[in-house]
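Both complexes shown next keep subunit A, but they swap its partner, so subunit B is in the first and subunit C is in the second.
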Partner chain A sequence: MNAQAGSNDLRWVRLHFIIGKGVFLEILRRKDLYVLIILSLLYVLGILVIHLVGIENPETANFLQNLGMSLAWFFAHILMLLNSSRQIPDDLENHTIYPLLAKPLKRSHYILGKWEAVSLSGVLSLFIFLFFGWLLAPGQMGNSSLLLVQTLILYILSLALFSALGLFLSLLLPRSVNAIVLGLLVFLGGNIFDIVKIRAQNARCGALWNWIICYIPDFSLFNLTTRYTDGIGPLSSMQFAGLLSYGFIMTAVVLYLAVKVFERRRL
Partner chain B sequence: MKIMDSKREGAFALFLFLLFLASPAVTMRLNPKNYEGGRSRDERTRHIRNKSAAALILGEIRSSMSDIMFIKTELYLHSGVAYKLNLDYDALSSKGTVVEKGDQQDVNLEQLLPEDQRNHAEHEHDHDHAHHHADDDKIHFHCEGADTVIPTRKKDFRGIIGELHRRVKPWQDPSKPHLHTSGEELLPWYRLMTLSDPHNIRGYMIGAWWLKHFKKEAQLQEAIKFLDEGIRYNPDSYQLYLMKGNITLSLDNHREAKALYRKSADLAIRKRPPDGKISRDWTHYNEEDALAAIRLAVFTEKEYGDVKTALDIARRYLEIINSDLILERQIQQMISQDQ
Partner chain C sequence: MNQSETVIEVRNLVVEYGRGANTNQAVRNISFQIKKGESVGFIGANGAGKTSTIKVIMGFLFPAKGEALVFGDKAGSVQSRKRIGYLPEVALYYPFMKARELLELYGGLHGLNSRALKEKIPPLLDQLGLKDKGEVLLKNFSKGMQQRLGIAQAIIADPEALVFDELSSGLDPLGRYELRHVLLDLKQKGRTIFFSSHELTEVESLCDRVIMIHEGRIVTESPVADLMKPLNLFEIIFSLDSASMPPVVTKFNPTPEGDGYRVLIDDIAAYSEALSALASAGAVIRSASSKSRTLEEYFIELVGEKGEKQAV
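This part shows the complex of A and B:
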């Protein structure tokens, strides 16, 4: 019985590895990553020029660091957006999903495998971009190291949630619409939510509105870049635990919904 | 086995669903972006940063959405002509718009008070942070002084290219008085500015100032609502209380105005350096507003409250700020009245 379970686990890992390999090959085959790396290198070039000219003061160095980290966050999410929104539609269009499902592979495992691979590729690219954008940026003004760790963990959580959402919405929306919705959510979501929350405060059912809005993922909560470069201390353990649980719950719910929708879908 | 699996999955789904339903209870308490201070909000740091070559190369990209909107409103107010002070956060720190010090056309207390009490007003201060003239014309002239982003022929080394730049872009000689268009049309921008960044105090100040410009009760009430929102997000901003006090006074709500000025004065004193020395952290405009709050707190207490209390607070404030001719004169007046 145990031996059978062990071999099942191995097979499961092997199948996930196959899916993951496919996703990585797809990323390397497409040129998105290279384009973003070239853009990052342009930033690095700018930083090098500024280094040559000389950085006048620590405030400017800090500002450049903020810019570098923001670019890393932005590029990693852009790559995720392009990647997650096309995984399933491409597999369906090219019929590459059938050999996978014939392995045999459960549909839930297919979704989970895709999510793992897309998230992992996002995290790897994030670290590449962070290397260019943050490590090569000029010196810091004594920012909190603990907050940096918290920021990086939340970056990763944000990418995991974002890829889950991208996969889920790709089952419901056309590719371009999906990309627009994801883009709006991740890049303007925070501002839009702030506006809605302020408006809701003056509305009759303000509290109810605020409650409902919380069901839409707010990615700006995971972006602590400005807090970090502002020289503010780390988040309290309660706040950080709250953010982690928020990210985990949201990701689990979105993944569960994606699995359920995909299981009911006719191929 | 299958039934067991489906039961377990059902329980998991139910658990997840319940967690999700209850999650806003936690989410609503998450506020990682809500913190006091921070380099990006600090005027001195912003000023140093904005003068660096890197920042100049990046131009408006470095600004927040709210700052970009502010720059757009400034361009509109000056008929498209970009003035250098637009990018000077020191000058923008409290007043909002772009004028040189000599350009302040002070609105005195008389304009805030009812007709019959105007002769009592002896204090002059610029209460409108927008520093726009209190005339009724929708369009007015502004004094000269502020440098334009595109330099004058004398200062421009670019020769014919500079000339072309001046002709193609909206530009006018900064030594001549320039036109100020009406800012009432910009009200939606100030609203958007504060929506995108609720800590943009100058957005609240100028927006409220333009609403006050209508001189109608509905708009004044709207200005108060707008300032209330600003106060909710920036409870330590004495300028917002000062502006609310001014508007409340325009509505003849003396008691509330009195309380607002007191609150503004107390907050200002807490922020003011002990000697009131002008620095990057405490600008000329901060000092002006702080003094205005103090003087108005005393003045309104004297006019609409108790003279004895007014005398007490005037003495207390004077002790803190060391010297202020207007306050000293007020104290003398109250002592002689008492006798």
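This part shows the complex of A and C:
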């Protein structure tokens, strides 16, 4: 009985891997990744020129490092936005969802397989972009290694949540609207939330706005780039654990909702 | 599994689209069974409810009422899909994949390991006329090639039952011919086949039984042989002066055909009598043949009758 249960567990791992392999092939054979790598290389070219000219003050070095890491964050999320928002709509539009779900595969495993692959591809591309944006940028010896580790972990968590959100919203919204909503959330979310919070203080239904905002993922919390490049110390254990919990819970909730919506969907 | 095991069972199925006042019933309380080893054609005009029924059987749509069972399990369950292969009506397979990679994907999901896939894919591609196309990107595949690949993905794991929605959609005559051979081979191996098709000649040649559906309701369900039996017609084309036409011929309303006449007779005794009378009257018999109506003609006749009754 246990052996059978074990083999069933392994079977799901294999199914996720097979679904994921398809996603990876798509990413590798489409142009998006290469366009972003070329853009990263343009940044590297700029850095090399600056290296030749020479960096005169630490602020410039900080700025360049911040720019490099921010570009890596930006490009990785752009790639995720493109990949997560098109996976399910493409399968539905091209009818490839039918032969997939005609196989002994639960709808939940389809969603989870896509999510794992999109997230993993995002993490791998993040490290490619970071190689250009961070490793080659002029470094600051005094920056905290612990904070760097915290920054990278939160980057990864942000990508995982972002891909879950992209897949979930692609079940509810048209593709273009989904892309706009995701873009606003990840790149301007923090600013929008700040504005809403300030306005909400004086508004009649301010409490309601604050309540709504609590349930919308705030990706700015996962971006510690400026904190790192400005040489501020690492987050306390409690702060970091809080952010991790926030990221994990949000990701789990969004994935759960995506699975439930998809399971009830008529195809 | 015994020979009489029910592979697909549809009970009082109702499928609806839309909500409230805009509800449209695509399938209206239909029931049927497909037994093991049977080859059953599902015939109907566009919008008759074929695809909706098949989608319920595969678990893509949920019935408003009734249910569908596959091998005794609820339609759409993982257990039921382990034993079934499915070809959708139209699918544009991943353009960034190669044919081999696509079959690895679908075969892998069906539980085949990489060794089995390596053994199965080349002969399967060969069988479906896609030899040497395994390493070609699917963006370079024509519609017909995509359909062949679709059939390959459906049968790669050698499932016990096959459900094909619009079987020969997009295939040229050669493709249809090859596909017919593949299906006859599967039929001989005892596989259960259930398919919808617009190509009624294909249904005639492949099926043991047909289910005809019109406007969401089953209009007839019968073995092909039984459907064809009462349809025999006899045709005589002859030349004769109209004044000399024997009464046994005129009662069947001959119609002008070239220089002569054509008459259709639905009874073998009357046919024999008419031939003798024409010969006695000195007619030149140009042709005399047994003419069976095709399934297509029968279907159009049947659907026409239903339509007229509904209009009344």
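Side notes on the structure shown:
Here, the second predicted complex is superposed on the first by the 260 of 267 C-alpha atoms of A that agree within 3 Å, B and C clash if a C-alpha of one lies under 4 Å from a C-alpha of the other, contacts with A are read in each partner's own complex, and residues count from 1 in each chain.
The working rule: a residue touches a chain if its C-beta (ideal position, glycine included) is under 8 Å from a C-beta of that chain, and two chains touch if they have at least 3 such contacts.
Worth saying up front: this structure is predicted, and the values here are computed from it rather than measured.
Considered on the superposed subunit A, subunit B and subunit C are sterically compatible, since they fit side by side. When the shared chain is aligned, no partner comes close enough to touch A:W12: not subunit B, not subunit C. Using the contact criterion defined above for the overlaid structures, shared-chain residue A:T226 touches subunit B, although it does not reach subunit C. When the shared chain is aligned, subunit B comes close enough to touch A:N62, but subunit C does not. Seen from the Cα centre of subunit A, subunit B and subunit C lie 140° apart once the structures are superposed, a value rounded to the nearest 10.
In the superposition on chain A, A:F131 makes contact with neither subunit B nor subunit C. When the two complexes are overlaid on their common chain A, residue A:V253 makes contact with subunit B while staying clear of subunit C. Set against each other, subunit B and subunit C differ in how many residues of subunit A they touch, and the higher count belongs to B. Of the two partner chains, neither subunit B nor subunit C is touched by A:F74.
Applying the stated contact rule after C-alpha superposition, one finds that A:V53 touches subunit B and leaves subunit C untouched. Nearest C-alpha atoms belonging to subunit B and subunit C sit 12 Å apart in the superposition, given in whole angstrom.
Note for the complex: subunit B touches subunit A at residues 13, 16-17, 19-20, 23-24, 26-33, 35, 37-41, 45, 48-49, 52-55, 57-58, 62, 65, 195-196, 198, 225, 229.
Interface of subunit A with subunit C (complex): residues 11, 14-15, 18-19, 21-22, 25-26, 29-30, 94-96, 98-106, 266-267.
By the touch criterion given at the top, residues 46, 50, 53, 55-57, 59-60, 62-64, 66-67, 141, 190-191, 194-195, 198-199, 201-202, 210-212, 214-215, 218, 220-221, 224, 226-227, 229-232, 235, 239, 242-243, 245-246, 249-250, 252-253, 256 of subunit A touch subunit B in their complex.
Partner subunit A is touched in their complex by these residues of subunit C: 55, 58-62, 78-79, 81-82, 84-94, 96-97, 101, 105-106, 108-111, 150, 153-154.
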